[in-house]
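Reviewing the structure listed below.
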Amino acid sequence: MSDKVLQVNDLRIRFRNGKETSQPIRGVNFHVKKGETLGIVGESGCGKSVTSLSVMGLLPIKTSEIVSGEILFNNRDISRLKEKEYRKLRGNEISMIFQEPMTSLNPVFTIGEQLSEPLRQHKKMSKSEIRNNIIAVLKQVGLPRAEQIIDEYPHQLSGGMRQRVMISLALLCHPKLMIADEPTTALDVTIQAQILELLKEIKVKNEMSLMLITHDLSVVAEMCDRVVVMYAGEVVEEAEVNELFDRPLHPYTQGLMKSLPSNNERKSKLFSIDGQVPKPSEIGEGCVFANRCPFAFEKCFAETPPAFNRGKHISKCWLQDPAVKEVMQNEERSIVNS
Amino acid sequence: MTVNIPKVTHTTQAIKVKKQSAVVTFFSNLLRSWTGMVGFLIMILLLFISIFGQWIVPYDPLLADFSKKLLPPMTDGHLLGTDQLGRDIFSRIILGARVSVIIGLTTVLIAGTFGTIVGIISGYFRGWVDVILMRIVDVQLSFPFILLVLVINAIIGSGLRNIIISLAIGGWVIFARVIRSEVLALREKEFITACVATGVSRTGILFKHILPNLFTPIIILSSLQIGTYIIAEASVSFLGFGVQPPEPAWGNMLNEGKDYIFSSWWLITFPGIAIMITALGVNLFGDWLRDTLDPELKGE
Amino acid sequence: MLDFVIKRLIQVGVVVLLALTVVFFLIRLSGDPTALFLPPDAPREQIEEYREKLGFNRPIYVQYGDFMVNAVQGDFGQSLRSREDALPLVLDRLPATFQLAISALVLSLLISIPLGVLSAFRRNSIFDRIAVAFTVLGQAVPSFWLGLLLIYFFAAQLNMLPSGGAGSITHLLLPMVTLAAYSVARFTRFTRSTMLDVLRKDYIRTAKASGVPTIRLIGRYALKNSLIPIITLVALDLGTLLGGAVITEVVFAWPGIGRLLMQSLMNRDFPIVLAGVFIIALIYAVINFIADVLYAYVNPQIRVK
Amino acid sequence: MRKNSLVLLVLSLLLILSGCTEGTAGTSNSDGDGDSSTSTKDSLVIAFEADAGTLIANSDVNYVTDTQIRNIYDPLIDRDGQSGEFVPVLAEEWKNVDELTWHLTLKEGVKFHNGADFDANSVKYSIDYILDDANQSFYKSRWVDVEEVKVVSPFEVEIKTSKPFPSLIQRITEDLLIMEPGYVEEVGTDEAAKKPIGTGAYKFVEWSRDNYLKLEANEDYWKGTPEIKKLEFRYIPEFSSRLSAFLSNEVDMFKNIPVDSVEKIESDDDSKVEKVPSARINYLALNTFYDGPLKDEKVRQALNHAVDVDELIEAVLNGNGTKMTGPLAVINTGYIETEGYEFDPEKAKSLLKEAGYEPESLTLTLDTPNGRYPMDTQVAQAIAAQLQRIGVKVNVQVNEWGAHLEKIRNREMKDMFILGWGPAFDPQSTIENLFTEVAPYSGFYDEDIEAKIYETNALFDEEKRFNGYAELQNALVEKAAWVPLWQQADLYAVRKDLNFKPRVDEKIQAFEMSWN
């Protein structure tokens, strides 16, 4: 337990919007070890962003509520912290960078003004110290002419540069854990590679653990040590990255893998999983992926599969149930793309 | 425990969304917001009064009876009292509703149509047409609306017809601006460029694609503007330029009543309340309409 | 920046010129007023003679040309009633209108901005519901009626405040409150909706993620971001405020331009009407110009190219 | 947005508020109002509905202007406040030497406010001012027959007229006020219009346009020092504001109380209502210029029978009006008792039938101004109700004052319209202006009456003129040119302890008032 920076146990979150309520997160479990990069992958709407926001305590107070479960940060449950307490963590011990660099910086304040906030809130520093600190971090993230940029406005910087500024904002107080919510999705490919490279470097230099949220499996392959696959508010599979790519156990993960355009031979038609992600209000009992799973059988519809583990490789699918496994063997069917 | 695996692939349960008729969705939404409901009920009440006014009126609003001058409310059968000519105020307020409704609706119709046409032309065809039309809009906006209505009314003379004309002259500008910005926004939308790509004629696009999308902003703006027009008419009549006596209209009832502010307070109180409730009703309904139909469009 | 200013000044000139032209022709349509100023027993030739002296019998475009040439040099002719130069007479009333409009504007901003911010921040709370109800109600109350009620209560019943005219602060109170109430509803709505927009923005979430406390988040960041749209909306709305000022002036006999314009409309004193229209159009154009400059100054995206 | 920007906002508000105490719209000591606390009250505040047009004499015809500046300037001749007869003021005697010349002898030893002497030159200057086109005086049309004013001696003046001008004395009384020539020449008419100099009981102090006019007593006024030392005319257009200012002692007096508020003022223990029948008359014109049923004399007579003037006075005016049967007010010098039409609906119906009209089929239009005369719109609607009783349908059309006059002038009026006239003390001005074809505001034309009018106007002999106008009055009544209504009742709201006798000619002379 001790080497785990972050431990999320059976987290359930409910959203209230007017009369109807929905549960985007229905029992999520995962952890991040010190110095590790954990990847959280899944289609949009599977609840990965909500999870990351809940860790940062940025969920809207009025309309959201952590029903049950706990979020342990350095073994301290922070899920029900009061705002004042939570604020001490944000930007200091846990920090976050977001997907849209273009809108994540305040247009009417200079870069310097915005970057001074975490230091002003968490560290006792004089103005000049703050300024030097910011310039140092800006340089660290590879921004040229940091001295000018500090007094410039966001609209004067390119998308890539702004994301670097966001990263430096998150690094200023040397957090133990950095959450990156789709950091490169909005950037074009060339810049994407640079930012990912930068994140890797920084993680190592600052002995930081990184929680990387993405829907792009190639990013996962490149960056992550361990991967958690989420679908419709649940963790359906968790495994060490190579293990996951070599032997995906859960049909959803298999589907994801197959839809990855392998770069060596051109396939006539990309495989895609038919149907869509059910809305939170439409999820009944049984496996949440049942209605889209090619192998689903009535048990899948009847009962929610528990988490079966093979060593460290966990997945929630009845196919992993030893009982079901034997029956499977004698029919030995492999997945043929229809 | 034998488990058999049926070889059946399931398609997603087809979640059939019943094709609710527009009216049903309209009312189901409406019921959910009490402000919208209140606004809607006030408007219905107003329409009812203005149509059936003269039959449900306890006294003849024009009948002057000097023996019963300036009676306070609730005296011998006059719910809201009588005015300086002994006419029943309650009846005159009911008849006054008709004037306000007529003014509100006709003005919105005229100003709305004219403004929308200008808005579409200048928004869609751009070029020098747009520049000229927008300059005209600027000129008109260079002058406060209520003052423009007053000046026009003072010049072309008072009366119901003239006040509608001056309100329309003053009021079309806001439609032109809002509709123009809507059209500009629509033009940039992908589906319009897609139509152009597939060779649909310019006017075809205008009617098949642009116009239907304007339906919502027009409805919203109209409902919000009615309130402004009703209050504007009341102000103009209050200053003596609008609807002239003996025609019962709230504005001129206030104008006539203001001299009796000391002795008979009810002359100015009830017509004012009537205006307020009407404007309130229309605004509430307008706001609800805007919030449900098109959250982004900020009511001007 | 300079060409921006010049372009705007030209635009102001054009707009004011067009406004004057429109009103000039509109007024001429309503016949000529000479007879109104002559004694009832003045015979027709006298009226005719007087028309001639004032040039009303010349073709309309000649009258217009003559008027424009003089207007450009600041000569709007003489008031038919008091035979004083029209423009100075109107300018002499400008301070009273400014006093009323600005004090009402400041008062309404002082009320509406905090109200709007608070109700946006504590969205759907009781406070927010009351504030929204208050604004909706505020917009439904005709300002002249509110004026009458205030006169009734404070002047007639309680006899505390003068019911009209100008002189001391006590005279200004009621008209200022009436005019302010007229705009508080709208400004509160502006502030609230703008603030709601801003609070939804990503950069607010970024600031929160870097540990900025709520008070500072609202007071420093959110407020400055919402200030820009508020300035534009308030500037755009000044026309309504000016219109409201006219009505308030009439109700409270406040000797401003609005009342002068109303009186000169009633007794068809053309030169005063035109001078009044000119000044109001000018004020309005200048205010819009200032708002644009202010907007550019506050909004770095424009200021820093 | 630092905190201090909010402070800035508050500061600017305070600045503006304080600014307004000595700002343009205000005066330093605003409380000119009745400081009833001091024992001997010597200041008086009178409320008017409108500002004076200009403060220079002999220019603006408007009643409000004339009433105010008559406290600054003196006329040559004035009317007695109660009887209306001519009373010498700056002119001690006046007589007409022959049909074309008038001779006036002036009072000596009178000084203007700036110390200059009053003499024949100032009289000549004042009359020439009216005649001179450059000054665009509104009185010019009435003085067109005056040819020349000759200064005979420092205190004697002769006025030559181009043709017989019997009503010159009325003109001198009602129009002419004496200006100080030296001052006006020196500062020019514009300045003189802002800072007037006259010989009157009160000197100019300060004029804040559309707000108030402040005067102070002229200590060495030739008639004696005025008792009221500080006089202020304050402009409050809204009746309700005027009433509230009066009831709260901000203002001591105002004219024209709407009839429905008379009772409210009488009930106030610190106020009283002064009432006098005015020389201003209200009538219902039966428009013969419009070819409608009213061209027929019988129809007009029927209408006279159908309108019950007594009920109108009682019910609409609460008794504030003196019924008239003929075209002239009782106070008018040419007035004779005329036998009017008694209220007889049946006779009215029979007359209509005789004229060939079924009452039920008859629809007439009645135009009325709004707020110009006491209860004008209410009277119109009451008349409509009365005619309704005999079946005649009447559409009441309410006009804004300017539009009402214009419709009459351009002969666009239909059957009937309400108008008023006066104050008129001589028969010629009323009859000549309301019953001839050419007069702008006339509503009646009949050849032989027209001939009779012009014939009488030219008469010089008092006796003949009086008989001529007497005949005309009877003829007009007989031809039912009008439905005469009433002489207005001038109603003044006055502080209890102010002794003030209302004048017949509606003038308000502070010199005649005092606090007891």
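The chains carry the letters A, B, C and D, assigned in the order they are written, with residues numbered from 1 in each.
In this text, a residue touches a chain if its C-beta (ideal position, glycine included) is under 8 Å from a C-beta of that chain, and two chains touch if they have at least 3 such contacts.
In this text the structure is predicted, and so the values were computed from the model without any measurement.
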item: Selected interface, B-C versus B-D, where C-beta contact pairs are more numerous; value: B-C
item: Centre-most chain, if every chain is reduced to its averaged C-alpha atoms; value: C
item: Subunit B and subunit D, separation of their C-alpha mean positions in angstrom; value: 46
item: Intercentroid distance (Cα basis), subunit C paired with subunit B, Å; value: 23
item: Centre-of-Cα separation between subunit B and subunit A, whole angstrom; value: 50
item: Centroid distance [mean C-alpha coordinates] between subunit D and subunit A, Å; value: 89
item: Where subunit B touches two or more other chains at once, by residue number; value: 154, 157, 240-241, 258, 261-262
item: Of all residues in subunit D, the ones touching two or more other chains; value: 238, 240, 244, 247, 400
item: Shared interface positions of subunit A, touching two or more other chains; value: none
item: Contacting residues of subunit C [partner subunit B, same complex]; value: 11, 14-16, 18-19, 22-23, 26-27, 29-30, 136-137, 139-145, 148-149, 151-152, 156, 193, 239-240, 242-244, 246-247, 250, 258, 261-262, 265-266, 273, 277, 280-281, 284-285
item: Footprint of subunit D on subunit C - complex, ascending; value: 31, 33, 35-44, 46-47, 50, 53, 81-84, 89, 92-93, 95-96, 99, 102-103, 106-107, 109-110, 148, 151, 155-156, 159, 162-169, 171-172, 219-220, 223-224, 227, 250-256, 259-260, 263, 266-268
item: Interfacial residue positions of subunit B with respect to subunit C in the complex; value: 35, 135-136, 138-139, 141-147, 150-152, 154-157, 227, 231, 234-235, 238-241, 254, 258, 261-262, 265, 268-269, 272, 275-280, 283-284, 287, 298
item: Touching residues (chain side subunit D, partner subunit C) in the complex; value: 1, 3, 9-10, 12-13, 16-21, 23-27, 30, 50, 53-54, 59-62, 133, 136, 138-142, 144, 190, 193, 208-212, 234-238, 240-241, 244-245, 247-248, 250, 400-402, 405-406, 409, 421, 429, 432-433, 438-441
item: Subunit C-facing residues of subunit A, complex; value: 56, 58, 62, 83, 87-92, 95-96, 98, 100, 103-109, 114, 117-118, 121-122, 152-153, 155-156, 166, 169, 172
